[in-house]
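Chain IDs A, B, C and D follow the sequence of writing; residue 1 opens each chain.
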Amino acid sequence: MVKPKIGIFGLTGCAGEQIMILNCEDQLIDILGAIDIRYFPTAMTKNDEECELDIAFVEGAVVQPKDEELLKKIRQRSKLLIAIGTCAVWGGLPAMRNDVPREEFLEKVYGTKGKSFKSIPAQPLKNFVKVDLSISGCPIEKEQFLKAVASLLHGDLPLLPSYAVCTECKMNEYVCMLVGENKLCLGPITIAGCGARCPGYNIPCHGCRGPVDEANVASEVKILKEKGFTLRDIENRLRSFAAQAEILQEQFKKE
Amino acid sequence: MSTRSTLAKVKNDIYQPYLARIVKVLPQIQDHLLFQLKFEDPRMASNFTHRPGQFVELSVIGSGEAPVSISSSPTRPGIVELCVRKTGRVTNALFRLPLNALVGVRGPYGNGFPIDKLEDNNLLIIAGGLGMAPLRSLLWYALDNRTKFKDIILMLGAKTPGEILFKYELLKLIDRPDMKCLLTVDKDEEGIWKAHFGVVTKLFDYVELDPATTYAALCGPPIMYKFVLKELLKRNFSKDRILMSLERKMKCGVGKCGHCSIGYKYTCIDGPIFTYWDAINLPEMVE
Amino acid sequence: MLFYQNLRRDLVKTMQILKLDKKNLNEFIFSLNDFGEVHAPVKKGDKQFVFSKLTDFSKIKLEYTRTILPPKKYFHPPTDTLFKFSQEEGYQSLTEELRKKYVIFGLHPCDIYAIKILDLIFAGEFVDDRYFIRRKNVAIIGLDCIPDDKCFCRSMRADFVEDGFDLFLSDIGNSYLVRVGTGRGDDMVRKTQDLFKEVNKKDITEYKRRSDEKKNLFKVDIELSDLPEIMDLEYESKVWEEIGKECLSCGSCSMVCPTCYCYDVFDEINLDANHGVRKRQWDSCLFKDYALVAGGHNFRAERSLRVKNRFFHKQRGFVAQYGRPSCVGCGRCIEACPAKIDIIEVINRIRGAKL
Amino acid sequence: MHNSVVIDHLCRVEGHGGITVNIKDGRVEQVNVDIFEGSRFFEPLIIGRHYDEIPPILSRICAICSAVHTITSLMAIEDAFGVKITPQTTLLRDLLIQGGNIESHALHLFCLAVPDYLGYTGAISLAADQPELVKMGLDLKKLGNTIQEAIGGRAVHPVNAVIGGFGRLPDKEMLFDLKEQLKKGLQQASATIDLMATLKIPNFPESPTVYAALESIDVKFNFFGDRIILSTGDSIDISKYKEVCNEKVVLHSHAKHSQFKNKPFMVGSLARIMLNGHRLTGEAKKAMKKLGLNSSSQNVLYNNLAQAVELVYAIERSLEIIEQLLKHGIKDERPTEVKVKAGKGTAACEAPRGMLFHSYAFDNKGNLTNADVITPTAQNLANMEKDLRVSVERLINESKESLSDKLEMVARAYDPCISCSVHLVELNSK
């Protein structure tokens, strides 16, 4: 079997996905045996900047023209482009306040010198190129990544859950943070895959994996309001990880 | 009913797929292949039988399982033929397999056509698109037991000649004196098509049907059902004499996983063949 | 003839009813370890309960209302590995862990009833042996209960059970009436025979008193007899759309329902791209892709249709199939739903009752 | 001889950075560390947010230091509101931070630095030749992650550490389990020291260096502290951290640079060992001696040795914490309640790469009005430029390739966490 050529790229982000990949300590040697890593600057020198790739895993959001350039180049040289992590899939935290002009931020942070930096509103990869598969998570789940790689090696696109965090939360028999504890839990509208990690620690879901396909945001907001949360608190939480998701944008426009 | 579960029950695990080898792959139309499978276990190979209209759960090892109608006739045992359209995860994986690869098969499942009832009647088979896959089994069953049936009529509609499943096999039937094989296409850009043009319902003009002694067996896309049913009802067909094969998502094939349930029926064990009467009495059944 | 009369008398004797002093309960439960790993209701968080392995007697919560997950998790676990596979060897059944023995202590009648319903589903023309092997290896000890405002098992005719348990304990003050339901139950009792006493008149009176009292504690009452017809008539009701707007499709109700059994099946492959396992995992008819088929057609694309389907299947479809609703009125889905969709209220709305 | 060296993309560091060296007439004109990681504007993004949302958001500044970012953020908030935490919480936080240290140091040593010294392009190629060595490194790394998962709920961006305590407490079995793994880890860490002792460490970047670190809060070596100490002899309260990390914007970089009294300084393992190393005990103390680290080491490449020493320390410290927890039994504590009030809070921790500061101001509703985060990598950038310049001056006659390899080595010795340094700092919004 010819080993597929893989590239692991980071645009702008915290490198969480790359770290999670390196965190697959027990499987790393197996993975290296099964694939041919051509580009992974976080882990190796002498990266191949040009070769055709079978699969490109891309982490991070696009926040500057440089990111966009790199992304387009990656698309050109890759058969499959897989967005990994919430930043790449949804825009992530950096896209929290795209309503504020970048110049304002630059000036606040760098003062007058800020003008010489280029910055664009943070956006997910799909706004620029075709994305073949999205594995969200902030960071991605190790298990999910490993299963995805295995599926890809077998020639299939991986199966990812399309249901909400609540489903996993219930399967794990955790105490409900929303119903029982009246906490601001986004589990009902957040895509599963983390095993309802946070409710498992008695922490409400912050929505770090982004919304499910058909998220009933209006109902979620209504429930939270009835519990006494202010629209501001609710909106802030909704904005944290996937403010750019259309289904959430619709909600923001309503208010 | 007896044929349904005897095989699966042998080992007491109703979900157990048995290994079968892909012995031949016959290209059909684009993205459709006919797979000839032979069970690895010789006993399975010789014991496996089914009723036309039944399906198997086909496993592509590592990719998953999907329901597929049996296209071959039980009158020709030893080989199970499946005509598959490439559409998703499992079917794509199936298309990647080389000849002689192993797949998993369990079944046959579903009620199949009520053969005992159909016998001694006229048989009107109406197919559209992939609908020919299960109907081919019925057709050959009837032709191989020719004396048990009265008139046999096949009506098949496709967009173009290039999109007719089992085209060469069916074209040969046109000349067969003991049946009526009516094939129609919407258009033929190459200009070589010699049979009918137009939608499948137009073929009704070429036949005389006695609703009292005829069973109609339908399988095709929803839009076809809509028009064909209208035509049949117009000709006073009893709802009990219209048999249709319905499609629903399936995971287990044996009435447990819930996916194919409509109202209080399971498409997999109560169907996939339903009479029109059953169908209209199930909520959601007919769109 | 005499023979049968004797046999009958024996049968009555074996279906005995005994009495267990409450102070002997712990000792009795301890003895159950010989029949399997004992699981019992314990607290989770501040207000919730779960069936879980008993490690400490002081943790048992006999007065629990309902557990987050129903006992179905013991017979039809959230994820279940069915086979291991490889190209060379095909699919090989995994059965080892099916054989583990459990004793679940403290099931309420509705949960026992629900297991009987699951039995119907997993039996039938194709018998799901995985389910039934587990079923055989789990002993069930029932416990009566006090309904809360979400319980409507009485309406669903699941407030009392005659069978489906090995033993059933009813509180009569200082002791429990213990009904023995099976030979295994009989073995359990005989193992600690000294702990049990004969039932006397007073006990019977007390049992009847409490049983009557329980009937009056239900705050909810649903008329079942004409429900299927009414549901058919209200198939196009606006109520479904209204609920569809509220429903989050989060799946909570299906996960916690003791009689929801739907599952998905998928293959998981290893990094060697050859070996792997086939699993099944709880699914829900409320999920968007539940009825989605290849090519993109969705038989229940709208949420309202999916919500409707759940209620129909419970209260209408199952009746047609098995002569009773599959809902046992445990109240779990009411408690779990973040959107407060309440099956009692839905039924009442469909009936047009004023709320 | 060449005119300029450009390292486009620093490899095996986390994030995007490059080095540009301009040479004119055989003289080094300019050395820049360019950070071209995009700006994510963390601080302005969170202005107005409710206090309890701050830690999970700011954890995302950096994946590899996410545990310590979370803890420092929690501490700054607790400082602002006067929340007291229990000794058990303090211990668990320390344990979580040690998990982070083990993971970070093991990753840096085995996947990034050691391959350099042994002449490999990275752990991937090293694994092909010396799988046991890489396996040992991965085991150690995994140990760090296991701790972070057990205590923090996730290896990256912990969820379980919250204001006032923890969401769920570890149970006894879990701690016993960790203890066993840590014991094995300690052996592997000792083996790491033996390995490090054999490495030939070149001295081309050696030059006078100012070190800065938190003064250990304890008599023992520690990652917490209320005062900043420098090798210049200065000692400053952490609330005045700005006097040390006097940040300025430089045009070639999205990260700001820090200088103390107009001099660059170094933070991180080496700085900690230089300033607090005398407080080490046990195996870590022996390791320091074995590796020949003493308070006059001025070679940044020794940072890798210091990391190895700290690897031993972190494991020993974790064991110590677990012993204490087991001795007293895990108490079922709920997080301390927060009483919100207007105010400011500052906290500092030693992150794997050096001092980390979080400083916030809140209004009386508990909404954030001001935030300032200074990461170690940002503090190190100026010093890194200094070391690079020294190195170029000494190596100016080497081939371009060898020069750039060596410069990369210097940059990597700092273990820069570039994404960390480029979130932005200092914001005064009214």
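Criterion: a contact is a pair of C-beta atoms (placed from the backbone, for glycine too) under 8 Å apart; a residue touches a chain by one contact, two chains touch by 3 or more.
Quick caveat: nothing in here was measured; it's all calculated off a predicted structure.
At the centre of the protein atoms shown, by the Cα-centroid criterion, sits A. Set against the C-alpha centre of chain A, every other chain centre is closer than that of B.
Of all chain pairs, the one linked by the largest number of contacting C-beta pairs is A-D. Inter-chain spacing, taken between the CA centroids of chain A and chain C, is 38 Å. Chain A and chain D, compared by their mean Cα positions, are separated by 25 Å.
Between chain C and chain D, the centres computed from C-alpha atoms are 52 Å apart. Residue positions of chain D touching 2 or more other chains: none.
Residue positions of chain A touching 2 or more other chains, listed in rising order: 154-156, 159, 202.
Chain B has residues 62-63 in contact with two or more other chains. A complete list of chain pairs in contact reads A-B, A-C, A-D, B-C. Contact residues of chain C toward chain B in the complex are 82-83, 85-87, 90-91, 93, 121-122, 124-130, 235, 261-267, 269, 273-274, 276, 278, 280, 283, 285, 290-295, 299-300, 305, 309, 312-313, 316-321.
Of all the residues in chain A, the ones that touch chain B in their complex are 154-157, 159. Every residue of chain C that touches chain A in the complex is listed here, in rising order: 44-48, 50, 68-69, 73, 78-79, 245-252, 255-256, 266, 268-273, 276, 281-282, 284, 287-289, 303, 335-340.
By the touch rule above, chain A contacts chain D in their complex via residues 10-20, 22-23, 25-26, 28-29, 32, 37, 40-47, 61-64, 66-67, 92-94, 96-97, 100, 104-106, 108-111, 113-114, 116-117, 119, 122, 138-139, 142, 197-198, 200-203, 206, 208, 233, 236-237, 240.
For chain B in complex with chain A, the touching residues are 62-63, 89, 92-93, 96.
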